[in-house]
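The following pair of complexes shares a single chain, subunit A, combined with subunit B in the former and subunit C in the latter.
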Partner chain A sequence: MLTVASLGERELRARLRGPGLRLQTGPFVTCVHSPLAPLAATLGTMYGDYPVLEEGALADFHVRLSGSTGLRRFLRPQVHFHYDGMAPFQPLPLDQAFPMFEWAMNWCVSSQANSWLVIHAAVIEKDGLAAILPAPPGSGKSTLCAALVNRGWRLLSDELTLVRLDDGKIDPLPRPVSLKNASIGIIRDYAPAAAFTRPVADTVKGTVAHMRASSDSVARAGQAAAPAWIVFPKWQAGAAAELTPVPQARAHMRLAENAFNYSLLGETGFHTVARLVDEVRTFDFHYSVLDDAIAVFERLLAERA
Partner chain B sequence: MSSPPIWRLAPGQRLVHRCHDGECVLFNDLTGDTHLLGQDVLDVLGALRDMPRTAAGLAQDAGAALDPEWCAELDELLADLAALDLIAPDLIAPGLIEPLPGTQPC
Partner chain C sequence: MTQPMHLPPAPHLPRFPLLLRALREPGAMGGFSERDWDLLLRQALASNLAATLCLLADEHGMLAALPARVQRRLGWARTVWQRHLQAVDLELGKIRHALGETGLPLILLKGTAYAAAGLPASAGRLFSDIDLLVPKERLPEVESALMLHGWAGSHHDDYDQRYYREWMHELPPLQHMRRASVIDVHHAILPETAAVRPDPARLRAAARAIPGRAGFHMLAPCDMVLHSAVHLFSEGEYHHGLRDLFDLHRLFCHFGADPGFWAALPGRARELELARPLCYALRYCTRLLGTPVPASVMEAARDGMPNPALLALMDGLFLRALQPPHPSCADAFDPAARAALYIRGNWLRMPPLMLSRHLFHKAFVSPKAEPAQ
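The block that comes next holds the complex of A and B.
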């Protein structure tokens, strides 16, 4: 299988500058165009294990990240994102090219992938059972997700949970885990063997860095998982790791609020969330210490066994 | 003096719902919204689907026709449900469904 790493740096840059890099992430193929050498280098590092399709293969999304023209090339250069020729976002400083790529990939899926119920949630798996972690920014969702995937859980997604409409299973979309501000140092210390991008300061989300998805999670991106738990996490200083059951009807409403396309899917969205809530146990979860949090997840798993 | 409105389930509503431990989620066919309701409210909607009736008729069915506080809450609930397009005043056959004998207006 052709992967980003097997292309080599020169071919990777040639594809990005020329016909496009057809990059497979989970069920999606994105054709990426970019002349930006630093972006190519980071893609090579963070996406080395990912499959690449040959030229001419159909792509779900066509994206281009390009630099500024004219004087802007020299004075505070920027990166511009284009999707199918449109520019849905304002340009960002050039050193934010990789974060912009990640945000743009999320946007492509969250705004276009209506063959799934797309929930703004991290999702991890062990022994075939998935835990969905929906939460607003700042709740510690990505930090918890990063810790769990460095302690034996498989990354299905850090940001977008894809729930199949036909059978309710979760399709993986493993991509780099986005970490912000203090979480970067916390996870670097917690998982020193993991690979990270260089932190980029002064983004709209503060300082951001991305942690590479494990080779195993990328290799198993075709293996769906059955949802078993929905856990609404909240990091809270000094809090003991504790689960509190969430009544199912309320969990339904909260999931709907966290889904990008719940309303768009109409009654199908309703039934998809209803089935999900029927099949899982639902909890609020407060935690402060990562090891304690992981022990709680292991206990959930043991109870299912 | 005008007659009290006769309420019925809004045309097009099918009461697609799921209930857990006394709480229900209901899909609104007309707006696409999902509502979180108590089981008792869903029962009211079900009653209006089965037979349009006035607030007084509902109160009598619930055995609370003489409780003014309950009636006031029911009026408020019906107004809220109408605002959500879940129920509507029956405009097709006003007057055909008479309040049940002995029913006090809410």
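The block that comes next holds the complex of A and C.
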């Protein structure tokens, strides 16, 4: 199978500049265009294991990230995102090209992929059972997800949980895990073997770095998982790792609030969330120490066995 | 139909995009390769016609035979449209509730009318505003009833208020405070300041009830087509040009099944001073979409034809602006054509001196919108 790494640097750059890199991430193919050499290099390291499709294969999304033209090239250069000719976002400073690529990839899926219920949540799996971690930014969802996937859990996704509409299973969309501010140092210390991008300061989310998804999670991107738990995490200084059950009706509403296309899917959206809530156990989760948090997830798994 | 059909000329344009081929002859979609679909989907998404394409493929029994990833991509767009129809249904119920006491026949226009009446032109079509036509003297009553039910005016600037209330053919758009739905209340189909102003009383008199939608009406078939045509061909912004042309194509095909429609259309266009837009509608529908139009109607519509020099110029502009707004369909003259039509659109809206004042005000006096985040 052709992968980004097997293309080699030269060919990767040539595709990004020319016909586009047809990159497969989970169930999606994105045709990526970009003349930016630093972005090509970061894509090479963060997406080395991902499959590449040949030119002419159908792409779900066509995206372009390009630099400024004219005087802007010299004075505070920017990166521009285009979705097949349209510019849905304001440009960002040039050194934010990779974070912008990641945000744009999320946007492509969350705004269009209506054959799933798309929940703003991290999701991880072990022994075929998935734990969904929906949470607003700042709750420590990505930090917890990054810790778990470095201690034996498989990364399904750090941002977008794809719940199938027909059978309620979760399709993986493993991509780099986005870490912010203090979390970057914490996870670097916690997982010294993992690969990270250079941190980028002063983004809208503060300082941002991405952790590469493991080769195993990328290789198993085609293996769906059955949802078993929904855990709403909240990091709190000094808190003991503790689960509190959430009643079903309340869990339904909170999932709906965290889903991008709940309302758009109408009745199907309602039934998908209702089935999900019915099949899983739902908790609020406070924690402060990552090892304690992981022990709680192992206990949940042991209880199911 | 007894009359001979006018046969549309073979497409002679140097570029005849896949999307036009698919809309002209939906059966052709069965023979497209994966590479073709990659481009066709992009053209359809850029033109806001992806859901339409999905329904066309379904209608022609081809959807299930298309590559799985194509079906999936088209399905995403169809889901959005299905939800849109549901939302339109809900809004129409709320509007009827809000305006029921006025006792007015509520005449729906454009996309809203196609959807409410379930016309083929509504299949896959999305629209952002609900368009309503009421008599001018009843505007204050309609506006206050809508405000009482939660719709609020959106253009508060004094200049904008004057622009709409004195010069335009509609109230400033009213947006619902909770649902964010937008209603455009019209009292005519062209601005007060335009050179041509078809009498709205005649349109209202010919309007008919929408079956199954108590309280709602739509324009008569000829008037609906003429409104669609005058709207498209006096527009300044052609981002939805192809979609609107396809509306006309589907209206012609649907109403054209009744020979009485074709017999009445050219005469009604003359009556309403809309012979020119009808001529353009027939010309570009037949050329780009292969719309079947009786030869006698093409002949009768020649009344509205501009002189040959102007026609050549308009061909140069419209044959570009009515292409899918996608980079694969644009040539070097595309931006110039769209810019020229923008100026023309405003020119048709108001006399030159008024237009120059308006553009000056918009450029230098009106407060600037905040940049989007």
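In the analysis below, the second predicted complex is superposed on the first by the 305 of 305 C-alpha atoms of A that agree within 3 Å, B and C clash if a C-alpha of one lies under 4 Å from a C-alpha of the other, contacts with A are read in each partner's own complex, and residues count from 1 in each chain.
Keep this in mind: a contact is a pair of C-beta atoms (placed from the backbone, for glycine too) under 8 Å apart; a residue touches a chain by one contact, two chains touch by 3 or more.
Please read all numbers here as calculations on a predicted model, not as lab measurements.
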Sharing subunit A, do subunit B and subunit C clash or fit in the superposition?
fit
Looking only at contacts as defined up top, I'd like to know whether subunit B or subunit C touches more of subunit A.
C
Given the touch rule stated above, what does A:266 touch, subunit B (first), subunit C (second), both, or neither?
both
May I ask you to decide whether A:60 touches subunit B, subunit C, both, or neither, giving the answer as first, second, both or neither?
second
After the superposition on A, what does A:113 contact: first (subunit B), second (subunit C), both or neither?
second
Given the touch rule stated above, what does A:85 touch, subunit B (first), subunit C (second), both, or neither?
second
State whether A:70 touches subunit B only (first), subunit C only (second), both chains, or neither.
neither
Touching A:274 in the superposition: subunit B (first), subunit C (second), both, neither?
first
Superposed arrangement, angle subtended at the Cα centre of subunit A by subunit B and subunit C, nearest 10 degrees
60
Which value in Å is the smallest Cα separation between subunit B and subunit C when the structures are fitted on chain A?
6
In the superposed view, which residues of subunit A touch subunit B and also subunit C?
263, 266
Subunit B-touching residues of subunit A, taken from the complex the two chains share
247-250, 252-253, 256, 262-263, 266-267, 270, 274, 277-278
Note which residues of subunit C are touching subunit A in the complex, please.
33-35, 37-38, 41-42, 45-46, 67, 69-70, 72-73, 75-76, 79-80, 82-83, 86, 325-327, 371-373
Partner subunit A, residues of subunit B touching it in the complex:
16, 18-21, 23-25, 27, 29, 32-34, 36
If we count contacts the way the header does, which residues on subunit A are in touch with subunit C in the complex?
29, 56-60, 62, 84-86, 90, 112-115, 263-266
